[in-house]
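For reference, chains read A, B and C in written order, and residue numbers begin at 1 within each chain.
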Amino acid sequence: MSATTLGAPAAVTDTEGTDTKQRPRRARRGRSVWGWNTLAVALSVIFGLPIYWMIITAFMTGADLSKTTPQFVPMHPTLRAFREILSDPVFRQNLLNTLIITLSAVVISLVVGFFGALAIARFRFAGRKVFVLTILVVQMIPLLALTIPLSLLLDQFHLKNSLIGVILSYLIFSMPYTVWTLRAFIAGIPKELDEAAMVDGCTRWQTFYKVILPLTGPGLIATGVYCWILAWNEFVVANTLLLDNNKQTLMVYLLQFQTSSTHGADYGGMMAAATLTSLPVVVLFIVFQRRISAGLTSGAVKG
Amino acid sequence: MTAAGHAPPVAQDPTEPSSGNRPRRRRRVGGYRAAGLPYLLIVPATAIVLAVAGWPLVKIILLSLSKQESGKYALFHNRGTTPFTGFHNFANVLGDSTFWTVVFRTIVFTAVNVGLSLLLGIGIALLLNRVSNWARLLLTGVLLFVWAVPTTVSSQVFYWLFNNQFGLVNWLLDKLPGVNMRGHDWFADPIQGFGVITLVVVWGALPLLAISLHAGLTQVPGELLDAARVDGASSWQAFRSVTLPHLRPLLVILTTLSIIWDFGVFNQIFFMRNGHPEPGYQTIGVYMYAEGVGSSHYNLGSTIAVLMMVCVFAMMAVYIRQLIRMGDAE
Amino acid sequence: MKRKAIGALVAAAAMALSLAACSSSGGNSSSKSGGISLSTDGAGKTITVWLQGDAKGWQDVVDETNQRFEQATGAKVNIEWQNWTNYTTKLDSMFSGSTGIPDVVEFGNTQTASYMAAGALADLTSLKSKFDNSSAWMQGLADTANYNGKLYAIPYYGGVRTVIYRKDLWSAAGITTPPTSLAQLYSDLDKLKAAHAGDSSFSAFYMPGQYWYAAMTFVHDAGGTIATEKDGKWTAQLESSQAQQGLENWKKLATDYSVGGATTNEANQDAVMAKGHVATIFGSGWEMGVVADPKTGDPKLKDQLATFAMPSQTDGKYMPSFFGGSDLAVPAKSSNAGLGAEWIQIFTDNKSQTQLAKYAIPNNTNLLSAYKAQSAANVVTGQAAENTWVTPTSPNWANVESASVLQNMLQDIVTGKSSIADATKAADQKIDSTLNATG
């Protein structure tokens, strides 16, 4: 029972659904629920505070920010920081780079990962165990540890100061994760379905395409979103491989608020850039919000 | 499996009406007629793994076994290729007390962070199980937002919150009677600095832990809990004897993952220390970066990286065993 | 806690020693590449120039250079702005690769030696006469542009740090004349501090805890130095009583009169000053422009800033200045080396340097009078430039910088983590092993 919980992430989503139906029965029990509710609200405030602070700081003037008494609501809201950051061509280019890198890493991982997952979920073959083990081990390698050899090797192919090199590097964590997680989703699809399809005259490839792929849809979304976060957040490798300002990612852009003389101490600008950097991930979460918890419990890997 | 949203494809399944009409040899999935197919399917994944992970792994081991030059000539002219020296670098790194100080610091940091994240994660998961729907939606929503924030961003936000002059935290603490936190510099003492870093790490880790543990909790059969209560068990006893055993496999995985994440924490420390963490702030990942990349000692850095990976693999052995067992169960 | 910290520092030093023990002997000779020649054949090409953000302070000179260069060669210029923080890491990464190699690179004058020694830069010796004023280059820069008798870099600009203060705040505190001794500086700062007793974030003198150029200025003022060389062997000298005295003087400034900077470096001190809670900083003359910059600073402070030379602990004297500055070089692997050299030629010619002299010390003595004529502030820095100190000339010095040895030592001192004696001892060990490393 518990093993299936972990193996098949979808099962979790499933019970989440039924759980909602059970909820009122349990929640109504006792008046203490209001105590718990209050605690939940308090925790929401505490957890949300840094995000709130980030957003309001971005709208504040430099003068207001260097007052000794902090303002909880911007007194003189300004778009200066956002205007400055958005009008910086380097920021716009870095945003585009981050999108390109992340999207490519996610799409390649999903396509390649889907086939790999199919193989281990649907077939027994000599070497399967080796393949599974390799995937699991690679998934656990801290990318940070490979910074040096990646930089030297990619340079041999003139891929060092290039987005492609970074995309390839990101496949180290995103691809094994996809294989492993999708495997669980595919294993959850009854084999009888593909068998029936093949009996009906579908070739094996048609079965993959017409039966398994659509049924794996939610898994693809959950996995894709998670890979998206990992790739979007990566900093060290991007910082080491990418030399030109115009090739860098948003994470590297953010660092200049910590290190440069021109941006230093500009907390409004820093928070505006931080807000804009988080935004694409937040939007993704809102759009796919319902699918995400499914991916969570599966083979969830690095964060 | 049938989560909301993909019922239609099943209903439209074209095989439904005709299945069973034809007498047939039962095809076993993975039967020998498809002998070449699984290999074809894993070709792209295998190729990528070998190219982007296998090759760098070989290279890093070679680097760790080659001599560390102190000048930059070899680095600039031979792509860092230097003569083979065997385990000289390993002897140097392992024989250096700085390395062990760093390892010890990393272990303490990891233990504190994993412990805190898991305790709070379980607490929030239990809370989510008890509150009204609206409160659960609110807290889950906030947690999802938190989860979406990149670690680099959260580090900068906390750096600003803990700013010694204009930060919110010092101001709030200063309001407490008898506390003078004006201008307090949280990063002057690495222990306090690590306190702030722990906050960011735990803050960022909780959404995943709390939400997945909550999902796990909802799978604990209500009847069992009710039965335990009827038998007169206290909430704590019910939790220990019913809930915890059900959560155990999930907890094992989450603990292993948390250990691996917290062991390799980098961004939070790097950003909080303005891109050049002081020696007192170096955990193993930061140490490896500072020695290897920061000071361009690629061979020594590779040696530390290899040792770091050995630690990670040792810790994940448990996790992999668990996963393999599950994989076989299918 | 303290003992543990010392242990860690000693361990760090021991680690560095063990590294030195295993490294190879015998330096590698540099410069495989022969000389290059200036090129004006650049139609359809683009050259890449790595410049530090400091040059945004003289953007007009950069823009005009680019214009003239584009007219002369038909090539375009792509300026890649850099930060000093972790700059050597980035330089190493670039020089070790074959992609993203710029055609012109800016170096801090303390950083050039290790790159010249490693053969990373193109030999410009035969072109020397083509660069304006090359016979009158400032000594502090020219010294850092040569290695083994060959020229690998072109002096770009110099900088001398002086005290930059807010005239309005100082006079409001009743101080009318600049201090002529360190003791008087302290007493003036006491007055400033008293006048702003109500502002808990007020710094009478903002002195970041990792500001090693400042701290080493105090060390040299007290008769100390970072390291000395004898028969090719370097010996770090920060433990000497003179150096410790200098650090004591500096620590007083950083702890008694400075708020909020104990664990940061000087990179953003101009922006911090522009926020209005700082009366005084220690910086290069052109930093006044950054403080009053409408985008990054506060333009209202434009007329309120003035400078004086840092007074010595000896009455009536001034501290010797660190002669900072930058050089420009062409990477040996550059694919447009001739064009890169041509760009440097235009950027450092008499016309550009005359313009640059408005903001910073020009690369040659011929234009020094033009620099001094610009403003009263420049007279102060021009004088300060006459008595200077330099960092150890070892090619390994850049490794001391990239390992942040001095910064970490100073931060330990300012935050009270280590005593001056313990911190300097640990730093000396690390500096010894780094400077004497061979290979």
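What we mean here is this: contacts are C-beta pairs under 8 Å (C-beta built on N, C-alpha and C of every residue); 3 or more make two chains touch, one makes a residue touch a chain.
None of these values were measured; they are calculated from a predicted model.
Shown here, the protein chains touch in all possible pairs.
A count of C-beta contacts for the chain pairs B-C and A-C puts B-C on top.
With centres defined as mean CA coordinates, subunit B is found 13 Å away from subunit A. Centroids built from CA atoms put subunit C at 41 Å from subunit A. With touch defined as above, residues shared between interfaces to two or more other chains in subunit C number as follows: 85-86, 93, 96, 200-201, 277. Multi-chain contact residues of subunit A, defined as those touching 2 or more other chains: 66, 68, 152, 155, 240, 258-259.
With touch defined as above, residues shared between interfaces to two or more other chains in subunit B number as follows: 79-80, 165-166, 274-275, 293.
Across the complex, subunit A meets subunit C through its residues 62, 66, 68, 84, 151-152, 155, 158-162, 240, 243-245, 247, 256, 258-266.
Only residues 67-77, 79-80, 85, 88, 92, 95-99, 101, 164-166, 182-183, 185, 187-189, 191, 274-276, 278-280, 290, 293-297, 300 of subunit B touch subunit C when the two sit together in their complex. The touching residues of subunit C, counted against subunit A in their complex, run 48, 53-54, 56, 80-81, 83-86, 90, 93-94, 96-100, 199-201, 267-268, 270-272, 275-277, 290, 295-296.
On the subunit C side of its complex with subunit B, the touching residues are 1, 5, 7-9, 11-12, 14-15, 18-20, 22-24, 27-28, 30, 32, 85-86, 88-89, 92-93, 95-96, 114-115, 117-120, 200-201, 259-260, 262-265, 277, 395-396, 399, 402-404, 407-408, 411, 415-417, 437-439.
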